[in-house]
Amino acid sequence: MTATSAETATLLVACKDRPGIIAALSDFVFRNGGNILDLDQHAERESGMFFMRLVWDVAGFGMDRAATDAALSDLSARMGLACELSYSTAVPKVAIFATKAPYCLYDLLLSQQLGELHCKIVAVLSNHDELRPVAEHFDVPYHHTPIAKGGKAGAEAAQLALLKSLSVDLVVLARYMQILSPGFVAAVNGQVINIHHSFLPAFIGARPYHQAKERGVKLIGATAHYVTAELDQGPIIEQDVTRVTHREDVEQLVRKGSELERQVLTRAVKLHLERRVLVSGNRTIVFG
Amino acid sequence: MTATSAETATLLVACKDRPGIIAALSDFVFRNGGNILDLDQHAERESGMFFMRLVWDVAGFGMDRAATDAALSDLSARMGLACELSYSTAVPKVAIFATKAPYCLYDLLLSQQLGELHCKIVAVLSNHDELRPVAEHFDVPYHHTPIAKGGKAGAEAAQLALLKSLSVDLVVLARYMQILSPGFVAAVNGQVINIHHSFLPAFIGARPYHQAKERGVKLIGATAHYVTAELDQGPIIEQDVTRVTHREDVEQLVRKGSELERQVLTRAVKLHLERRVLVSGNRTIVFG
Amino acid sequence: MTATSAETATLLVACKDRPGIIAALSDFVFRNGGNILDLDQHAERESGMFFMRLVWDVAGFGMDRAATDAALSDLSARMGLACELSYSTAVPKVAIFATKAPYCLYDLLLSQQLGELHCKIVAVLSNHDELRPVAEHFDVPYHHTPIAKGGKAGAEAAQLALLKSLSVDLVVLARYMQILSPGFVAAVNGQVINIHHSFLPAFIGARPYHQAKERGVKLIGATAHYVTAELDQGPIIEQDVTRVTHREDVEQLVRKGSELERQVLTRAVKLHLERRVLVSGNRTIVFG
Amino acid sequence: MTATSAETATLLVACKDRPGIIAALSDFVFRNGGNILDLDQHAERESGMFFMRLVWDVAGFGMDRAATDAALSDLSARMGLACELSYSTAVPKVAIFATKAPYCLYDLLLSQQLGELHCKIVAVLSNHDELRPVAEHFDVPYHHTPIAKGGKAGAEAAQLALLKSLSVDLVVLARYMQILSPGFVAAVNGQVINIHHSFLPAFIGARPYHQAKERGVKLIGATAHYVTAELDQGPIIEQDVTRVTHREDVEQLVRKGSELERQVLTRAVKLHLERRVLVSGNRTIVFG
C-alpha cells in the first residue's frame, strides 16, 4: 500500500473449501468493472479450509460501497464464506500502549511518518510519563494513565473509554509491561498486537533472555502475536531470530533482542494494516 | 507436489494485464468441475504485466487433455495470454552435467530419491569419469563425454544427441566446469539451470571466492540461474548468502560456499519442477 | 583444520578466571618454540569463568608430547585450570547411529569424504538394515543391531562392545529413532551428539513439526546437542531456523526441516571435531 | 562495552606474524596487575599477518597511561607491531552527516541515547534544513551547511573547520547524498563510515534498487564501509541482505532497503566504537 496508489479494495476470505469460490468472486469484480491487482489463494488439504486475499483497483468499479456490501453479503450467505472487505482510502486508527522503553515506540511512529504504515496513530497511552516527549515530537497526543495499586480495573475502564472516544481500530502493545485483562481484550474485539521478547513457544513468561542465556541457545528471537485471554498464546503474526554467542551477557542479549523486537513488531503491524493477516483458529494465514 | 497427491494441473500465465483474465480462467476451471487448490497472481504496475500460477484438482474435471488444450488455446488467443499448462502425472526428465565435484550431484540425486524433486533423473553426463560411482549408486546411467582439445563442438553434438534420445526436458549444470555454446543452449530451448558460486551480479566470472576474500566481503553467496548466451547473465531463479569472517581462508570459503551452492541449486531445480518459475524478459517471477 | 595444514596443537581451557593464565600459557608455547596461530579467549563476568581455545603450530615446538602433558598438568594444578589438549594428527574415530532416514547419514559421510570433517568414520550402526548400501557406498562398515522387544539393554551392550572394540571417540545420532539409556551415555563419557527436529527448547519431545504447524509458528528449527540423561535437555552446540508459510503442510515442513537437520548436525559435528566446543555446566562455549 | 562496566583498555594489533607477540603482550598486562577480559587473535597463513584485539581490566593495573604508552611503543618497535590503544573512559566524538532521509539518523541518535553506542554525538551536519527537529529532539546541535552550485570546496572547508573545532573523531554518513572529496577524507584521516544501499560490490553507483529490480535479484543488501578516495571501494565493515519477491516494486525495495541500511550502519558504527574493527589493506578484520 503506497502513498501514490490509486484506491484499492481488499477482500479477505476464510471458509470451508468448495469449488467455484474464486470464479464467483473474480467474476463479481470483473462484471462490475474492477481489475484484480493481486490474488493469493490457498486451499489447505489438511483442514479443508479455503483462504484468500484479493485486491482490486476501484477506479472503474461501477458499484458503490453499500451495493458492494449487499452483494458480497448475499454471495457469502449462498457460498458459506466469511468475508472481510476494506478500502485503502479508509485509514485505520491506531493507539500505542507503552511503558518506559522507547525503541518500539520510535520505530512505529517513524515508520508511520515515513508512509510505511497505512494508519493514523491517534494516541500513545502509558502508565508512566517518560515517553511523553517522544509522542509529542511526532505530534501524537500522549495520555498518561497511571495504574495505582489495586486500580487496574479502573485504569482499564479509563483506557477503554479513551479508545472508544477516538474510534480506535487497533491497539499495539509496544513493550507495555502490563497484562491486559480478558475483559479488555474482548472489549477491543481482540484487535491487539503484542511483541513478546522470545521465539515463542520457547521461553514463555518472564525474563526470557535470562532463560535463553541459561539454556545456552545459539539464537534469540522475538514474536509478534494477537493478544488473547491466555498469556503468550495468541495467534502468531511474525517472528524472527538473531545469532548470539557466549561473548554476550544477559544485558547484551536484552539490547540485541530489543533491536529484533522493534523490527518484528513493526513488520507485524504493517502486515495487519495491509490486510495481509487472516486469523483461523489459533493460527494466522499471512499473505506475503 | 507430494508423492501422495492426487493429480493436479498447473497453469502459468504471463501477459499484458487486462481485466477479466482471472474471471475467465477460474470460470473455465469451475464450469468443467475442477477445484482450484492454489492461485497466486500479481499485476505489476511498473511493467503493466500480469503473472499467475493456478493449480487445480483434476479429479472431477470433466474435460480431457486435448479439449483442455484447445479451449485454453482459444481463450489465450482471445485475451492475449501466454499460457503454459502441465500435469502432475507428467514427470519431467532431467539430465545432470557435472565435472569432478560431487556435492551438488549427490544432493540432486538424493533429493530426487527422497521424493523431493518431481522428476526422473535419466542421465549424468561428465567430461570426466570420477563421478561414475555416484550415479551408479543411485541407479542413474552415467555418460562419460570427454572433451578433447578443440573438440568441444563434437562433444556438444554428442551430448545433444544423447539428450534428444532420452527426451530430456531439463539440463542441470551441477558444477559443470565447461561453458556451453549458445547453439547448445538454443538447442535445449534454454531449459538449462546453472549454479554460480557468488551472489550475482557480484563477482561475475572466474574465482569468485578469491575475489570475495580480496574485497573483504562479510557474506558469500550462490546464485542459480537459467543459462543464456551471455555468461552469468541469465534470469536468476534463487540465491542465498552465508556469513564469513577473517578466520576463513579462501579454501574454507570454497568449502562453505559449496554447501550453499548445493542448497541453492537444489531449491532452484525444485522450484522449476513444481512450475513455480516464470521467465519474463531477463527476470524470473517465482511463486512461493 | 584443512587437509594441507601442518600439525597443530589445540588447547581448550575452562576454569575460574584469574590474572595471568594467558601470560603463563602463551609464554609456555613461546619458550618452547611454538607459534600461536589462533587464540580466542573470553572471561565471563556473570559467572566469573575463563574460557579459551589456543591453537599453535607444532613445527618448531621443542617439547615432546609426554613432556608437554606433564608441563601442562603441572601448570593446571598450580593455576586451577581444566585443560584439554589435542593434536591435529590424532584423527578421532566416529560411529554414526541411524535408523531409516538417509539424509543426515549421507551428509556426514560425504562431508568426511570431502575432507570437511576431521575424523575417520569407522562404523554405521542401525536397528534396521535399509541404510547398508549407503554405508557401503562410502566404504564404511555397517552393523545391523536390531532391537527386539524388551531387548534394548542387550542391544546397547552389543553396541557398546562394538564401540569399544573400535576405540570410538564420538557417537553421532543421525536421526536415530531410539532413546539411549543413561547408562549408555555414561559409558561413552557423554560423547554423543544428537539432532533434534525443532528449535529447542520449543517443541520438546515427539512430532515437533505437527506441534509447529498447530501453533502456527513462522520459522521451524533444528538443534544439535550433546546427549545427557534427560531427553532433549543436553548442552546445545548449534541450531538454526528456516521460514515457513501456510502453504506448507506438515509433510512439507518435515522435508524442509530435514534439510535443516542435516546442515545443523554436520556443522555441530564439525565444530566438535575442530575442538571448538567447550561444555560448561549445561551450556556450550563455541569458538567461531 | 556496557554502561556499568569498569574501565577497560583495548589494544588492536596488526603486523607481520612472528612467535612471541601474545606472550610479550599478555605478560606485559599481567606483570602490571591487569586482568585480560577478552582476547581474540588470528594469524593469517595466506598473508602472513597477525591480527589481535586484547581487552584488559584497568582496575588494579599499576602503570599510568603515559608509562603504558611508552612501554607499548618500545615493545612495538622491538617486535615490529602496529598497535592502537584506547580506554573505555575516553568517549569518542561523532558527527553525523545527513541530507533529508531521517531513518539512519534516528537510529544512530536513539541507539546512542539508549547506551548502545559508546560515543558522544556532538553534531549533525546537513546540506538541507529538514532534519533539524530530529537533532534538536535528541539535544544534538544541528548545522545547516548548504552547498551552493560550484561551492562544494567552500562547504567542505567550513565542515572541516567545524569538525576540528569540535574535536570530532568519527564522521558517519547517514544517507548523505554528497560525494566527499579525497581531500576531505584525507583531512579526517579516513575516519568516515558510509552506508551504501546495495550488497557491494554488486550495484556500485547510483540507483542500486532500480538496478536490483531490473536484474531480478532475490535478495537486496546494504553495506557499511570506510570511505576512501575511490567511490564505493573502501574497506567493508558490515553488510547484510533481505529477501524480496516480484510483488515488491522499486519503491517498496527502497523502503525495505532503508530498514536494512539503518541496521547495517548502526551495527558498523557500534563495531567501530567498540574497537572491533582493524583495517588491513582494503579489508577489515572484525572481531566478533
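As written, the chains take the letters A, B, C and D, and residue 1 is the first residue of each chain.
As a working rule, contacts are C-beta pairs under 8 Å (C-beta built on N, C-alpha and C of every residue); 3 or more make two chains touch, one makes a residue touch a chain.
Everything numeric in this text was worked out from a predicted model, so none of it was measured.
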Identity of the chain that, by mean CA position, is farthest from chain A: C
Copies chain C and chain D touch via same or different residues, half shared test: same
Separation of mean Cα positions, chain D and chain B [Å, integer]: 41
Averaged-CA centre spacing for the pair chain B and chain A, given as whole angstrom: 37
Overlap residues in chain D, where contacts from two or more other chains coincide: 38, 42, 45, 245, 247, 249, 288
Interfacial residue positions of chain D with respect to chain B in the complex: 42, 44-46, 51, 199-203, 213-219, 221, 235-236, 238-241, 245-247, 249-250, 282-286, 288
Contact set on chain C toward chain B in their complex: 2, 4, 38, 102-103, 106, 110, 114, 116, 133, 137, 245, 247, 249, 251-252, 255, 259, 263, 288
Residues of chain D defined as touching chain C within the complex: 17-23, 26-27, 29-31, 33-43, 45, 52, 60, 288
